[in-house]
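Look at the two complexes coming up: chain A is in both, with chain B in one and chain C in the other.
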Partner chain A sequence: MSQTNSGKQSQASEAKKAISLPISRVRLIMKSSPDVSSINQDALFLTTKATELFVQHLALTSFNNRSQTQANTLDYSDLAKTAEESDTFHFLTDILPKKILAQDYLKSLEQMQDEDSDF
Partner chain B sequence: MASSSGNDDDLTIPRAAINKMIKETLPNVRVANDARELVVNCCTEFIHLISSEANEICNKSDKKTISPEHVINALESLGFASYITEVKDVLQECKTVALKRRKASSRLENLGIPEEELLRQQQELFAKARQQQAELAQQEWLQMQQAAQQAQMAAASASMTQQASSSQDEDDEDDM
Partner chain C sequence: MAERPEDLNLPNAVITRIIKEALPDGVNVSKEARRAISQAASVFVLYATSCANNFAMKAKRKTLNAGDVLAAMEEMEFERFLEPLRDALEVYKKDQRGRKEVSEQKRRDKERKADSENDKSREEEEEEEEEQQRMEEEPEEEAEEEEEDN
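So, the complex of A and B:
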């Protein structure tokens, strides 16, 4: 085969309208997954395109379900809400820090103060 | 573009690429900075999710390399079946582009000689080489045979001379 790695990269950019995310970066991320050894080049194309679709899907879904429906903005909380409520995006809750409700925090503070005053 | 520091887990899709995609998907929408950062990290998480699932499917199939089929099955089982059609179309497009490239470069390299002619020339050269090899091998074999024959003859005449001299000795003994 006369193709080199850079040859494969530029062939993907020739199909520029097809894929816009950097394929080499996607490969690096895939290989950093535990146990993943070798990936077929076509499988790499598929994963890259799927990731693009994922970004679009996540952005659209979060925007449509946003809490501030009157404002034309997309917030962190909109994304977090989508992850919590959607089955498809639920895997993202792993990377969302657990949010503690303000009232729960105040309650636990009060409890600690009461315990202190007992002594 | 490779990072010189940090471990594998710091790998993410470049922020600019994500921003561009968000802009194209939600034009005229203001997106908070921490929301963009979150999307970048969600991408990495998604890639890990697909890779792990595809890898598991690959392991069960006795193959060593993750194939397109494995990725498609992973998308299906993880609830992303809606992506499959579009993702397959892109693959077809990439293959067409790759095919065109190969045809173009092989036309350049041949300098006008059609592939069948090149093949024929190659076969001729191979046949010639094989013939030369065979002739050399045969010469060596003949030489070995000759050497062996000479050795045999020499050994035979040596033993005949020995026998002759030893029988003379026996006669001498009888006379004593």
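So, the complex of A and C:
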């Protein structure tokens, strides 16, 4: 008897460990999309799990492609680089824009204007 | 419906933990990077939802199901997630089934108790067991019921 009980317990904790992000929060984000009417439990679970895999994948990809390979740090610029260079992460370019210095931006703006005036 | 904009963020502590687990030991993750990954994760959820919803609409269904989410992953070129997702879903379903059996058992026991007062000693034994399982499973069960309501 006690054996089957402990078996059940470890199974339950295994399933709990399967996802760490809150399902309810993921559902809220999904529901904020206007054309979604309802989502079944399995779809909700899968999206939550996929989001975790996505976070791992994005972090690891960005770390492996970081510009300063010596540094033991993952920075914003590494993420922006991933979004720009990788096709699968390209949908993130809007929320992960590459940061540039104001002086560089002004310079490129000037250049664009120069090109325009050529016509 | 989300009432405040921060309702659409995922909890920072959990995101940070997932990042740390994915990276080699001793790697620092800047605060800005953590925030960016968290925002990216929210965008990922929206993107996946919209893709999955397209598949459901094509099939003239109103409810998103597991197949829609998996098809969305393929379309988003996250095929690498398919296998771990299928595995996780199997474990999850097994767990759900187990839970259903437990609550079925609970219901039957209750009915039996109402019907007759016979066999008391055996029932008491079962009740004890039930109580133990209830303590473990109740919080999650409640959360799920709430989800199904919407």
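Just so we're on the same page, the second predicted complex is superposed on the first by the 84 of 119 C-alpha atoms of A that agree within 3 Å, B and C clash if a C-alpha of one lies under 4 Å from a C-alpha of the other, contacts with A are read in each partner's own complex, and residues count from 1 in each chain.
Just so it is clear, contacts are C-beta pairs under 8 Å (C-beta built on N, C-alpha and C of every residue); 3 or more make two chains touch, one makes a residue touch a chain.
Because the structure is a prediction, the values reported are computed rather than measured.
Clashing of chain B with chain C is the outcome of superposition onto chain A.
Shared interface residues of chain A, touching chain B in one complex and chain C in the other, are 8, 11-12, 14-15, 18-22, 24-26, 28-30, 32-33, 35-40, 42-43, 45-47, 49-60, 63, 72-76, 78-80, 87-88, 91-92, 95-96. For chain B in complex with chain A, the touching residues are 1-2, 8-9, 11-14, 17-18, 20-22, 25-26, 28-32, 34-35, 38-39, 41-52, 54-55, 64-68, 70-72, 75, 78-80, 83, 86-88, 90-91, 93-95, 97-98, 101-102, 105-106, 109. Those residues of chain A that touch chain B in the shared complex are 2-3, 7-8, 11-12, 14-15, 18-22, 24-26, 28-30, 32-40, 42-43, 45-47, 49-60, 63, 72-76, 78-80, 87-88, 91-92, 94-96. On the side of chain C, the complex with chain A involves touching residues 1-2, 7-8, 10-11, 14-15, 17-19, 21-24, 26-30, 32-33, 36-37, 39-50, 52-53, 57, 62-66, 68-70, 73, 76-78, 80-81, 84-85, 88-89, 91-96, 98, 129, 132-133, 136-137, 140, 143-144, 146-148, 150. On the chain A side of its complex with chain C, the touching residues are 5, 8-9, 11-12, 14-16, 18-33, 35-47, 49-60, 62-63, 72-76, 78-80, 83, 87-88, 91-92, 95-96.
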